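Next come two complexes built around chain A: one with chain B, the other with chain C.
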Partner chain A sequence: MPGSASTTHRPEGLIERLRSAAADGGEAKLKVLRELKNQIIGNRTKKLSYIKLGAVPSVVSILSSASSSVDCLLIQCAATIGSFACGVDAGVKAVLDAGAFPHLINLLSHSNEKVVDAGARALKMIYQSKAAPKYDFFQHKNIEFLISLLDKNNENVTGLGASIITHSCETNNEQKILADAGVLKKLINLLQGTTSQRESSLESFATIIKQNPEVITKFVGPENSTTFGSLLELTKDRYPRTRLLACICLTLIKNATSSSSSYLQSVGIRTKLILVLLELVDDFGQVGDEALFTLSSFIEHEEDLQKLAFEANTVDKLCHQMQKESLQAKRLEGIFTTLGNLCSNLEPCRSIVLQSPKALIIITDALTHTTIDVRVAACICLKNVSRSVKYLSAGHFMTDAVIMPVIQLLYDASTSVQVAALCTLVELSKSMDSTVRLNAVWALRNLMFLVDSRCKEEIFMDLKLFPLTRLISDSNACVQEQALGLVCNLVNGPVDSIMYLFTEGLLLNTVGRELRRASKPQVLVQAMYVMCNVASGKEFEKEAVMQQLVNEDDNNQSIIVTLLQSDVASLRTAVVWTVVNLTIPTGAGALARVVKLRNAGVVSQLKNMVNDPCLDVKLRVRTALGQSMTFGDFST
Partner chain B sequence: MSLFWSVIRQLAEIEAMATSKKVITRDEWEKKLNDVKIRKEDMNKLVMNFLVTEGYVDAAEKFRMESGTEPDIDLATITDRMAVKKAVQSGNVEDAIEKVNDLNPEILDTNPQLFFHLQQQRLIELIRNGKIEEALEFAQEELAPRGEENQSFLEELERTVALLAFEDVKNSPVGDLLDISQRLKTASEVNAAILTSQSHEKDPKLPSLLRMLLWAQNQLDEKAAYPRITDLFTATLEDPTV
Partner chain C sequence: MPVRMVESPAPSNSSGANYGQTCLQPCSLLSVGQAFSGTQNVSSPQKDEAWRVNVRIQGCDLDHGYLCGTMEALNVPMADTPVVTFWEGEIVDTKNHTFFTNKWKATSEVDIEHWTKFPSFSPLLSQVEVDGGKSLDLSNYQYIFMRWKEQYFVNVGADCGLTIAGFYYVCFSCVDGSINGYYYDPNSSPFQKLELKTTNEGRSGFSFSSYELQ
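Let's look at the complex of A and B:
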């Protein structure tokens, strides 16, 4: 064993020798290259430090000047370059910047199979990185070259071909070009090859069919039943990753062609696929993580499949698994996403989650996880679990423990987290526990105050089922207050936003009813400000408010006069503000409204208030009276 | 696997017949066994698979010539694989790492756990040889960054470095790391990774067939008394005990 290994391997010394070897050549090159290669393989830290010291250009220069007859030198160069590119984006960049690409491509046509292997491996490493350039499939000669790679009887070269596809094929057009060029067929043939060929082929197969019904119908249809059959067969393969990839392909086929097609309609096959994926979930590595996401995507949007997954004990399994200690972020995200999907429709699934001793605590804890995606997944999961009317009623979502973290998420830096939190709050606002309801609505109200109108619209559209009317008439006055405050914020601002109240039909009526019915001043104030904001709109909106506040057929005193006589200054302010908005003299119906208000006794009431003890009221009363007078003082 | 399934089929037939525990005599059993047809080529393939996976390259070569059974892997790669395995077993870990990297640089570049275990073994060897200063430097420079990347590596690293803390290491709680079995464990992990990289199964089929045989016999024991194989070395049928 070399005694002082670590001292002679100091990066600076090695770099020095590499530089001089690159310059004067000779035997030294091979030795120093091999040394460098053995230093960096598997060692990210060293790769980065050698890249920083400029090792890559030296290696590439040795490769470019090497004679094609010195096979071992070519192999060492390619292996070193490949390792620099393996798993380190900065390495890929350095390799490409140093101009290694064309030299590596040249190695592919070398007569020595070992040189070809080394070159293909290095190129494959490059294409496995996001930093690699996109391969242009629109050029005919590129497609020809790609096909020539897939035709080679060398698993590293076919693997390179597959990696190029997986890396670069993104658009539907690219998928179509590849499929039309016969690439899918070649990939299917490669499924007969070695494990690594099978896996890389399945991966690029998935890339080409992903969300492309046209390609699927044409190339994976019933007339190509062998393809479909091979995929089904591979779900039973000995290797977990192969089984997973086959399931991914089948899921993509089902999701892109669902309902109209005959693929994967058999309950037997569907159940089997779920069972295969569930078994893969037991793997605590990458395969298990991906299996969870595949399962989730397989059952999404189809209640039948969710039922099958439920019957296969998916929920129990995931509830059990999430209690394991130190789970990686990806795993947690997968568990929450899948559970969220299962709980979106099926009450029995929610029951199991809620009855599991720790599940709810774990989900709630994950709301503050350091990874964004976990927070989003946990939040959506919580939302779907809390759809359970039965458990909402039973007060399972205890105030502080559940709702506070959700509210915190509204201030999250990530928009996707905010949206998920919002939807969860909407769900929680249906809770039977008035404290939960109160906090949920409160948070929503504050959010409405902050966002711009485009955002409001999106939120409102997203929340079609939002039980605003119910919340406004809530049995708890505090909830009412916050719900009305929410509406107030919703219609605050440009005229367009007022439209929300009318698209929602009954909403304004509900607010009006509360004005006549409620007794708590805070509720009345909020309701009045809703009216006030609506009254700031155009003629149509002003008339709608008039209808709510002034009832001509009724001999009793109008509600608006009663409210003006309130002891509560803030309520009086709100009412007078509303009158100000209704009597702005520029509108076509302004005169008619003033007449109606006068007949209802509003003007004389205002006159009594010109010396109101509250300054705010006093000032607004004068404005309102001034506006009414514009049309002449009919009282004299 | 056809052998296994025909045995299972036989068992199923027997099970169907038996309502209480049935006795099957040696004659009946041997007659049934004779009905099972196993192709010689299949048996040969099983043997070849065992020799190749376990790395008996000379035996595999002789067996190929004698039986005409083609191995499913280039025999030269077995020699390379065995050289790696042997290097680890004899404590030359750095040598083993270089050999693996020559064989296929992807193996250690894409398998952080294996890479860590090899580096850990290197550290163990340095400590075993009393090169304390070098061991510390190596742990700091090569292993510590891996520990930062992965929590379980860190724990293993801490356990390994603990070797330095004991006077009588052999009897310390971490003494097992210096045991020869630790080398064998690491060696077999490298062996398996190389086999996987060659798209070859990492375990031979024969032992799992034997496990299936034992399992099947245990199942059958509940339902019938029959001539059992207990001694796997001689594979003799024992008379049924009633």
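Let's look at the complex of A and C:
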């Protein structure tokens, strides 16, 4: 027959006994502490429930009042506190709020090694949480204390030292203080220790060298062959996490130093590192996830490394892996990030992704994933895959099977869907956020590239709704550049499309004003190509360009001459093309334009440029001068 | 005062082991969006025949010696509509690609036989015979040599009865944008000549467009 449960076995009962033990002392303390520890160990729910009931302050009170001679009580207190702090931020907070920290620190100087060990273990748990207090490395005595921890012959004490660094070292100054104090050397020595020492040392090591070329140059690298050699050696360690951490350190060393330096230049070592990371990716836990991000960071911005990764079949492997069911968000993010990097430059990588039976569908589906980071990674991956002009031209992104939400809308066969997508972009181009504005205008500019007249008209009808002129004069030069590129594409193609610029009235004036006002060469290049394209039109259009570029009443140097003197070859090219278009001899007004250009000093400037260092400029200058001279030489 | 124009020098030999490392300079007439039109002579001993051809540059990556575009053949006898193909080009920049093809059934003898059909190739011949042109610096040369290889049909099926097995040896003039080419396919009539000129689509001048991938 079941009886009623005794209150002593319920949390409330245990708490009662804990409180009275804390007050009365004696043997009862040890017993109740053991019982509590056994209840909460590895059980998050129970930890939270005892924290709520106020168990932590009672334990800390027992610790603070315990005589330093009762070693087993000290050990039980520290172990219980450590257990509360392990893996639960609320536990760390409760432990710190109850004032346990200084008492635990005191335990580190106890004569009994077991007490020291229990104290260090509890403190390590605290420092593994984000809720732990930041350690102040700027205090000399703190550094001394930290070094004394790293010098101890106790795995948990050295582990505590390493955890403090991993948790608290954030700035370049802090990294420098630690490196200068000889901490890196101590950590390297610890690599010879147990697995746990090795792993915590590698983690702290990575923290100290992260994005700090100064520290790396001074303390790590080929000149310090032992350090470098140890790290390389550890990439072959039998424990996956050790191999991963060694790869992370080597990646940080490579990424923080310029490509011209001698760090990790050997193709053999680079390949080896990629292979180690790829093997780790097979682990479907945290190690595998981190290995993916490390691989991605290792190959980022370096095409040679991307080629090596490609040759190691990374793309096939990731395309295969992404097809596994129920992958965690972190894994998907890592796969898309790495694939995105690989496809940023290399067409063969894009080919494999596009030819993989499901890859594109999986990436496309991930655009609506619930986790933001996955959506972003999928989007970047898709963007880089779709850089393939070859596959774009084949319409691979326009078939029903591989339609992507965004691209689908823009390339949809239905005009209304296209317009809806355009409206979204147009809306975004009004955004207060200049990055959003930039990307929207950029997309519109590319969309306008070589579209047929019907599409152009539809797009323009939409564009007219928003003040294109304002985008051309945007406060962000990158937005201006893209907006002018858009206008350039708009007036390219069939000659009638130049009319768009005239129906909008002020547009040509705005472009002309930017040519006189802007300073960024890319903005000037795009603005000048707008003029060039308009100048390839009918007589009145050429005259309109002349009005913008040559003002006879103005005594200042003509804008054409100023821009022809630019150091930027692509800008000089754009200007000379405009002059070529203005001086084509067949036009009725050609002679008058040549005279005006000569009076403005353009022809003599061109004569100075017949040996321009840029071949393209030189050849166009010849054409322009040749055309000007068909009307006779005005040089005398 | 008229000034004397300095003629472009013949391509120089770059010195020592550090050869051929300079990319070609961009040429605005060979940039994305540019269009060309002309003919391809497909005459056989039985019949004189030429197809009208339009070409459009769709992508250009000088760092990797890469160019691509579409080619439209207009009056192809066995096709109801113009036939559009997508091609990819290798730019002979001596860094990414040399004059030797080393694939597509083209031996170095076949290469030289085709390249020598372009008058602008003659100053380069002796060096190309030695090393495929690896030690030449073409960065200031007024002609750009390329190989264009059609990759797929854009608007008709692969079963349309036409072949894209061969490839073109191409010479582009930076001066006026004219393109000459010779089609090579061991199974087709030899030396089918491609002649293209830059088109201005009814404009009185040159017009440019562009896109930029992020």
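Note that in this section the second predicted complex is superposed on the first by the 387 of 636 C-alpha atoms of A that agree within 3 Å, B and C clash if a C-alpha of one lies under 4 Å from a C-alpha of the other, contacts with A are read in each partner's own complex, and residues count from 1 in each chain.
The rule is simple: a contact is a pair of C-beta atoms (placed from the backbone, for glycine too) under 8 Å apart; a residue touches a chain by one contact, two chains touch by 3 or more.
Quick caveat, the model's predicted, so the values are computed rather than measured.
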### Message
Tell me the contact category for A:G82 with respect to chain B and chain C: first, second, both or neither.
### Response
first
### Task
Could you look at A:R445 and tell me whether it touches chain B, chain C, both or neither (first, second, both, neither)?
second
### Query
In the superposed arrangement, which partner chain does A:L619 touch: chain B (first), chain C (second), both, or neither?
second
### Query
Looking at the overlay, what does A:I361 touch: chain B (first), chain C (second), both, or neither?
neither
#### Entry: Residue contacts on chain A - larger count, chain B or chain C
C
### Message
On the A-aligned overlay, A:K37 touches which partner chain: chain B = first, chain C = second, or both, or neither?
### Response
first
### Query
Taking the superposition as given, does A:I584 touch the first partner, chain B, the second, chain C, both, or neither?
second
### Message
So in the complex, the part of chain C that touches chain A is made up of which residues?
### Response
1-3, 5-6, 8, 25-28, 32-33, 56, 58-59, 68, 70, 86, 88, 140, 142, 151-152, 154, 174-175, 200-214
### Task
Spell out the part of chain A that touches chain B in their complex, as residue ranges.
1-6, 34, 37-38, 41-45, 79, 82-83, 86-87, 121, 155, 194-197, 238, 326
### Task
State the interface residues of chain B toward chain A in the complex, per the touch definition above.
91-92, 94-95, 97-98, 101, 104-106, 108-112, 115, 125, 129, 131, 134, 137-138, 141-142, 145, 149, 151, 196-197, 199, 201
### Interfacial residue positions of chain A with respect to chain C in the complex
383, 387, 389-390, 393-395, 439, 442, 445-446, 449-450, 482, 485, 488-489, 491-495, 529, 532-533, 535-538, 542, 570, 573, 577, 580-581, 584, 586-587, 607, 610-611, 614-616, 619-620, 622, 629, 633, 635-636
